[in-house]
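Next, two complexes with chain A in common: one pairs it with chain B, the other with chain C.
Up next is the complex of A and B:
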């Protein structure tokens, strides 16, 4: 597939989708559900009020810290769990109990512990992303070829060096896939996390617009912005896969 | 560049940039502190509904006169507002009267010190529907905000007056902001909540008021101002100042229509983020749709709420007026006159 096709094909499909959306609204004759044009005007209105950048930055800030903390804790935890079977036996059930609990269910506790500050949504985003990261890192160790470790042992590597130089590197491709999924989840829960009364963010924009009467154009604007930024974030993480340290782990024709 | 250096470089650069931007744009940490004491003022929770209108009005006028005594904190729904109060993050809060009573029954140290408003709710049906009386609602689906909302109790009372039983209708819980869309799409047959969500359906031309609260339950109370017992014990002056401000702004709102129109403008712009036209509509059509005077908590009003609460199964009946109301602040506050303040032209 050449470069032009790779860009034009998805753009064309998106354009068709927009036209279908517009015609659908016109056909049904709803004056509550906005057309794409009204949504675009809503976004322009936000930009003119100076809110667009503020809200995007606020959401990115919370996702950055929540996801960042989840990576710092989840990856080492996952590697340790994957390597030491005692840890795995002891902690895995707890992990599997906590993992399916939606961040929305944690909202009351987040408010009790952190009040109505930025820490509460960061905590919720952290919770949503730390489990997928841990599980992916742990599974990566389980799937690792034992020959790497045997070779490292023959060279007389200590435990710390073994983790840093062999296990981590061998697992990197699978960990990155886990991070990519976790980042998607972290960005996904931003609306739920911002239900707590922080007064900024794209999730807040959606909830605030619902309170503002007939501003469903802003609700959909928030949805569109979250989607587009999610696309951008995924693109950034995917760039990591072009490095040699990671690329060996994927089939050569994957890209 | 190697993977590690790229990742470190980008991760640190990204985090620092986003954090600094957030600090500058949203938290305003770099802006010169204008009111350095504001963070230390007690926080008060409220929702963007007309039942809580005196909270932003008091704050706005206080700020104009440079004597802020509290920090208003806007929530978007009841559970979060309640949880912030329970965790002690907000010292006082506007809250549904039956919810405050239920919290008291569950041992929460909460005291009602003043009322938020009187009236200010309606039952709205779809304009084209054939519903013109309570009898027509038989077997229909009606949305109310919350099981602890007074709108639900109001409905129980209206059913009783019409000689109907609660089983004759289907009551479902729904957040008020979602009600206009639900009525528009005919997913419910009637909706009932505080303003401005009912006025919204009228203004947009698909809602018809079946009845206003004042027709069924005159002097209806839905929200009250509640304060923690701790604040009453240790900070009486602060509570008194707060109640005074709320009382004075209530009288200011009911003084004349100009004040209400000014309030609609500055509240919708600075606090509620709603269309000013909407607030103007619900505050003026008709003018007694919601009122803000006569807000001293009285025993008979609450006894009626208690009884309806017991009948509808949300209250145990273990807490009574003296347990959950502290009327000592209202008397002094009610003697004060309206705020002496006019919006500049």
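Up next is the complex of A and C:
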């Protein structure tokens, strides 16, 4: 597939979707549900009020902290769990109990512990992304080819060097895939967290627009912005997968 | 004849079988002496224990019974003075060719390291591919990277476990000739296992390759 097709094909389909959306709203004659044009005007209105950038930055700020902390803790924890079977046996059941609890369920506790500050949504985003990152890193060690470790041991690497230079590097392609999934979840959760705990961000925009005068154009504008930024974040992580250090770990027919 | 560099004494390796109580003796009372500079091949059909023997000598497996002495000391785990070239190719796919070949040279000063890497890159015929990554190379080239990585670390002995097993016939012929040439240049003991259907076990020298 050439470059033009790769860009124009999805763009054309999206355009068709917008047209269908517009015609659908007109056909039904709804006063409440906005057309794409009204949503675009809503976004422009937000920009003129200086809220667009402020809300996007607020949401991205929370994701950066929550997700960043989850990476810093989840990756080393997962590698250690994957490598030392005693750690795995001891901690894996607890991990599997905590993992299926939705971050939304933690909201009351998050507010109790952190109040209505940025720390509450950051904590929720951290919780949402730390488990998929840990599990992916741990599984990556379990799936690693043992020959790399044997070769490294043969060259006299100590434990720390073994983790840094071999285990981490051998697991990096799978870890990146885990990060990509976790970032998607983190972005999903930032919006839910902002609906309750704070007074800025895209999640807050949606709830605020509905409560303050049923501005459904702004509600949908918030949804569209969340989707577009999600697409951008996923694109950024996928760019990491093209580096020589990890490209060997992906099947060539996938890209 | 000089003193043996590797001594295998009454070596047994037994694995538990599928049924309980059943035992599979992969190695039964193996004895061998290898002198410095010798080029030794273990030959035999698939599954006869060549890799098991080599892995015990290399320190990656522990024997059931018997003794393996390398340079007069019992083998206790892998050792950086004795480098193993793996059957399944142990080249690190996340490092370029030159970083792979220089992997065992972490303690050398940078310029010395660069010179050594360049020397062995040329010896295995990979000049021009220094910046390439293993996924961009053919199977034979990857095997050369691993052999160069082993040589560059300046080990006393090199073990090779079916180093040409995964290669096609023509590449294998060329690699054999190259290996003999490298062995003659390096004067190091080479100890390798090699699959063939003709003989079960054969110890001495270069001609049996």
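The working rule: the second predicted complex is superposed on the first by the 254 of 255 C-alpha atoms of A that agree within 3 Å, B and C clash if a C-alpha of one lies under 4 Å from a C-alpha of the other, contacts with A are read in each partner's own complex, and residues count from 1 in each chain.
Here is the rule we go by: a contact is a pair of C-beta atoms (placed from the backbone, for glycine too) under 8 Å apart; a residue touches a chain by one contact, two chains touch by 3 or more.
These figures come from a predicted structure and were not determined experimentally.
Q: State whether chain B or chain C is in contact with more residues of chain A in the superposed arrangement.
A: After superposition, B is the partner touching more of chain A.
Q: With both complexes superposed on chain A, which partner does A:167 reach: first (chain B), second (chain C), both or neither?
A: Neither partner.
Q: Name the contact category of A:60: first (chain B only), second (chain C only), both, or neither.
A: A:60 sits against chain B, while chain C stays out of touch.
Q: With both complexes overlaid on chain A, does A:210 touch chain B (first), chain C (second), both or neither?
A: first
Q: With the two complexes superposed on chain A, say which partner A:189 touches: chain B (first), chain C (second), both, or neither.
A: Once the two structures are laid over each other on A, A:189 reaches no partner at all.
Q: Between chain B (first) and chain C (second), which does A:248 come into contact with in this model arrangement: first, second, both, or neither?
A: second
Q: Have a look at where A:39 lands relative to chain B and chain C in the superposition and call it first, second, both or neither.
A: neither
Q: So, does A:154 touch the first partner chain B, the second partner chain C, both, or neither?
A: second
Q: Just checking: does A:145 make contact with chain B only, chain C only, both, or neither of them? Give me first, second, both or neither.
A: second
Q: Residues of chain A that sit at the chain B interface in one complex and at the chain C interface in the other, please.
A: Overlap of chain B and chain C footprints on chain A: residues 244-246.
Q: Chain B touches which residues of chain A in the complex?
A: Per the stated touch rule, the residues are 31-32, 53-54, 57-58, 60-61, 64-65, 68, 107-108, 111-113, 115-116, 118, 195-197, 199-200, 207-208, 210-214, 216, 240, 243-246.
Q: What part of chain B is in contact with chain A in the complex they form?
A: Per the touch definition, chain B meets chain A at residues 2-3, 6-7, 11, 14-15, 18-19, 21-22, 25-27, 48, 73-77, 79-81, 83-84, 86-87, 89, 175, 177-178, 180-181, 184-185, 196-197, 200, 204, 272-275, 278.
Q: Would you pull the chain C residues touching chain A in the complex into a rising list?
A: Interface residues on chain C, with respect to chain A: 58, 60, 77-80, 82-84, 86, 88-90, 92-96, 103-104, 133-135, 153.
Q: Which of the residues in chain A end up touching chain C in this complex?
A: These residues of chain A touch chain C: 145, 147-148, 150-151, 153-156, 166, 169-170, 172, 244-249.
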